[in-house]
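The structure under discussion appears below in the form of structure tokens.
Chains here go by letter, A, B, C, D and E, matching the order in which they are written, and residues are numbered from 1 within each.
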Amino acid sequence: MKAIIATFWRDVALLWSGGGGALAPLGYFIGAVVLAPLAMGPDRTLLAAAGPPLAWVAAALAVLASLEKLFQADLEDGSLDQMLLSDTPLEALVFAKGAALWLVVGLPLAFAAGPAAIALQAPLERVPVIIVSLLLGLAAFIGAGLVGAAVAAGVKRGGVLIALLVLPFFAPPIIFGASVAAGQDIDAALALLAGCALFGCVLGPFAAAAALRLQAE
Amino acid sequence: MKAIIATFWRDVALLWSGGGGALAPLGYFIGAVVLAPLAMGPDRTLLAAAGPPLAWVAAALAVLASLEKLFQADLEDGSLDQMLLSDTPLEALVFAKGAALWLVVGLPLAFAAGPAAIALQAPLERVPVIIVSLLLGLAAFIGAGLVGAAVAAGVKRGGVLIALLVLPFFAPPIIFGASVAAGQDIDAALALLAGCALFGCVLGPFAAAAALRLQAE
Amino acid sequence: MINFLANPARFMSATAWVAPAFGVLAALLFVIGVRDGLFHSPAEQFQGETVRIMYVHVPAAWWSLGVYTFMAGASFVSLVWRHAMADLAARAAAPIGATFAAICLITGSIWGAPTWGTWWEWDGRLTSMLILFLTYLGYLALVAAVDDEEKASRLAAILCLAGFVNIPIVHFSVEWWSTLHQPASVLRPGGSSIDASMRAPLFTMAGAYFSLFVALAIAHMRASVHRRRVEAARLRAAGAGP
Amino acid sequence: MSPILSVHALGIRRGGRLLFEQLSFEAGPGDFIEVRGANGAGKTSLLRAIAGFLRPSAGAVEFSAAAAGLHFLGHQNGVKGAVSARAHVDYWVGLFGGAASDALERVGLQAQAELPARVLSQGQARRLALARLLSAPRPLWLLDEPAAGLDANGRDLLAGLIDAHRREGGVVVAALHESIGSAPTQTLNLGAA
Amino acid sequence: MSPILSVHALGIRRGGRLLFEQLSFEAGPGDFIEVRGANGAGKTSLLRAIAGFLRPSAGAVEFSAAAAGLHFLGHQNGVKGAVSARAHVDYWVGLFGGAASDALERVGLQAQAELPARVLSQGQARRLALARLLSAPRPLWLLDEPAAGLDANGRDLLAGLIDAHRREGGVVVAALHESIGSAPTQTLNLGAA
């Protein structure tokens, strides 16, 4: 347990200090949300329809952007070897790393989605449920992302590869999340999102740990 | 000149071998293009209006994803020191690296945009000009991206930071590119895109080289 | 069987004839299937002649799912028992499966244009199939990107198993979501509902695709074994010196 | 005395080439095994196989039931540039279940404790990695060229740490190109066979 | 003989702390300057300042007009894992304007020429970095702990390369913790003042 907590806080500190803290993924998110209306032009009704789903795409891409180095740095600087030597199973340490990512990147993103959704013409009263759905969805993204990041950790320019590997797994949360954002079947979609999140958080660390053991060879 | 050519081919080889060759950015592009309609639902008219611009956002993000390691790896493994010691100015070597990126990532992306545009309901006859516009736009993206990648090279989890730095510069090409994709003012927009590309390719390497000199300290 | 073939030497001697034999079989079945499908079978009452795309589309769709399932099985064997030949089998199957998936997507689009009035629609079946194609691409990209072959295979096996969730989604998508795509009429509980005059050429073509898959996969595996032998010899030669 | 570590008929193959085979040795409390060999002989590979990172192609590595855990010091320091030296030790204490420690003082980094590891010089970073060995007591130390980058004072310090560990009944297996102060109980020569 | 390299009253400050100041020396053809100092004394910083990577806080570094170019071998090898050893040398030949070379043979890597650098062992990668010095002739070599990771044979080889370079009128400035085979013309002690 001590090892899990130590890993969690260390990763929170690393995520915070590297790359401009929580500000940077947030900036990425906001940037993507801003690019979309630029590309689509000023048509209000179009934005209102296309906007909230886009916030989801932007959130998915923001998570993607922070996945690349998650394990690659550990592999290169020898930290992974040390994690393998801990008495605590690697699965638990990977889970701790995922939780840290969720705290430092996921949480601010979900709360930034509020203003973003409003800017993209979502109705005000739907903002809280959008935030909740993003919290769940980001957990699902991170669960799937752990696997992609672990599998591609040994690859030099892995960022793009990770994206290719995990994007298919991002599809279900995005579909359900967008339906929340659009106000359709909110309860059912939230339940399905929670299912995705649980699935990702439980299976993700196992698959990721298996891949990391191979990477250490 | 020999040094420029050597750098160009080395980077082509590195980009090709690391991260799954040209396949990976392509897959990322396709993935991002797939996520958007997933999020927006099957509304045909909405897609037709929002889709082609989205292809541009996706292309921008695909370039972003491959920028992160462009200089960071060189900085960490000591290759940057060697580039500084060449008799050829660093600006020219940076240009060669950018050109390699354009060849390995940009070219396949632009050609993948054809099918993607069709999937996003663009009219068939507009596909060639969309491809040309992307070729120009990607050159502009890479020019701007070089600067961001150079500035953020020393930062550990720089990917997100690069995104933040570069996204504002991506706005003009995206605006003109989207107008090409939407079929408005095609000639004027293409001319402006060519201007952006020229601007990026000329100024980008200078600014990037200046930033890299500081990184070597 | 698996245990027997796990040894590369035994695999090589046991399969020397398999690839050419299945290649010939595939050619035969393609000739029969194309003849029956394109010339001897009836046009359909609603779709007319376009229905003939079915003989290309449907087997490609089936086998793109089938090949992935095979890969998942091989991946499981590879991860649990560390069989080198299971690695090779999964890797050999991937490009073939990706091609089948691409054929399914392309012919489906071509078929959709006249019958549904659109090339593409973001419905459950089409989207999940596209995601399957992307999963294939991801698998191939990963295998290409990791340069240690054995490690690449194991890592790709993990990815392959994770991606297997999509297979039932592709198959049942027509039931779970209301879609343009028609529900299963052949592979469904309670037997096929398709007319025999179409069923025969359809199954012939399915057999042809399968034979082609076996021939190509075995040929690919044999080539890999040969390549490894050459590389091992080269590395042994590099053994001298520091 | 029952051995803490025993290696039976170990063989390692990398990229299809056999590095060595039929390597057997045992190490009990206080033993110091020196691994020698030319560049590329397989020293690193041997240590990684003992640590369990690398799957050997033949043979087995066994640990006595009583002894639990090992420390591995590789060519890479396992150090994060953004984190201070002190925070590294705290993390290792948590990861390996040690108790609060004076590790930094013992490796001579007290002055650099609050600096981010990024600004440490090569030898200072190596000392920080040595501090890991002291963050939690573990009977087996696997050291891969531990003296790399250390100055004369650092080498003495390293020899002192190894001697102290041996006195407490620990085992040290180290890949070396040059002798360090502590006298080995056995020297394995890789690639010499 | 006019000096190839002259350093005047150099001072370097890192993170607000003065590492050394008023360091002056000259080196002409055939000279070998050894830089000594404890871990953190500033050896790497000095070499990087001479190479022009680091801006000194005081003083100046001058090169004779005739001599052009220098080679720098740092703690990092400057080697890419995905690229073969041979391709590295080809790249360096292009980058530094050399001619086709037998560099790999001279550092003893002919057998590993086609292997990707990733699979090279620590010492083999260091030898590859040494091959860079041979890929194009340059009068000044700046070497930062060049022997790190090399076996006994590798050290001899290094001493031989340095001697050959000196015989051809080159200058070598090397940061070292231990003497290597070649006899220095001058030894700078950092931090000893």
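The rule is short, and it goes like this: a contact is a pair of C-beta atoms (placed from the backbone, for glycine too) under 8 Å apart; a residue touches a chain by one contact, two chains touch by 3 or more.
Since the structure is predicted, the reported quantities are computational estimates derived from the model, not experimental observations.
Distance from the centre of chain B peaks at D, each centre being the average of the chain's Cα atoms. Between the chain pairs B-C and B-E, more C-beta pairs are in contact across B-E.
Of all the chains, the one whose CA centre sits at the greatest distance from that of chain E is C.
Where chain D touches chain E, over half of the residue numbers in use are shared by the two copies, so each contributes mostly the same positions. In the CA-based superposition of chain A onto chain B, the rotation angle is 180 degrees, rounded to steps of 5.
The geometric centre of chain A is 23 Å away from that of chain B, both derived from CA atoms.
With each centre defined as the average position of its C-alpha atoms, the distance from chain D to chain E rounds to 29 Å. Per-chain CA centroids place chain B at a distance of 37 Å from chain E. For the pair chain C and chain E, the distance between mean C-alpha positions equals 55 Å.
Each of residues 14, 17-20, 23-24, 27, 31, 34, 38, 41, 73, 156 in chain B touches at least two other chains. Counting partners per residue, chain C has 127, 131, 134, 137-138, 141-142, 145, 147-148, 238-239, 242 as the residues that reach two or more other chains. The set of chain E residues that touch two or more partner chains comprises 75, 80, 82, 112, 115, 123-124, 127, 151, 153-154. On the chain D side of its complex with chain E, the touching residues are 14-15, 37-40, 44, 75, 112, 115, 119-124, 126-127, 145, 148-154, 177. For chain A in complex with chain C, the residues that touch the partner chain are 147-148, 151-152, 154-155, 158, 161, 164-165, 167-169, 171, 203, 207, 210-211, 214-215, 217. Put simply, chain B touches chain C in their complex at residues 17-21, 23-24, 27, 30-31, 34, 37-38, 41-42, 44, 47, 118-119, 121.
Those residues of chain A that touch chain B in the complex are listed here as 14-15, 17-20, 23-25, 27-28, 31-32, 34-36, 38-41, 43, 46, 49-50, 53-54, 56-57, 60-62, 64-66, 68-69, 73, 155-161, 163-164, 167-168, 170-171, 174-175, 177-179, 181-182.
Partner chain C is touched in their complex by these residues of chain E: 82, 108-112, 114-116, 118, 123-124, 127, 151, 153-154.
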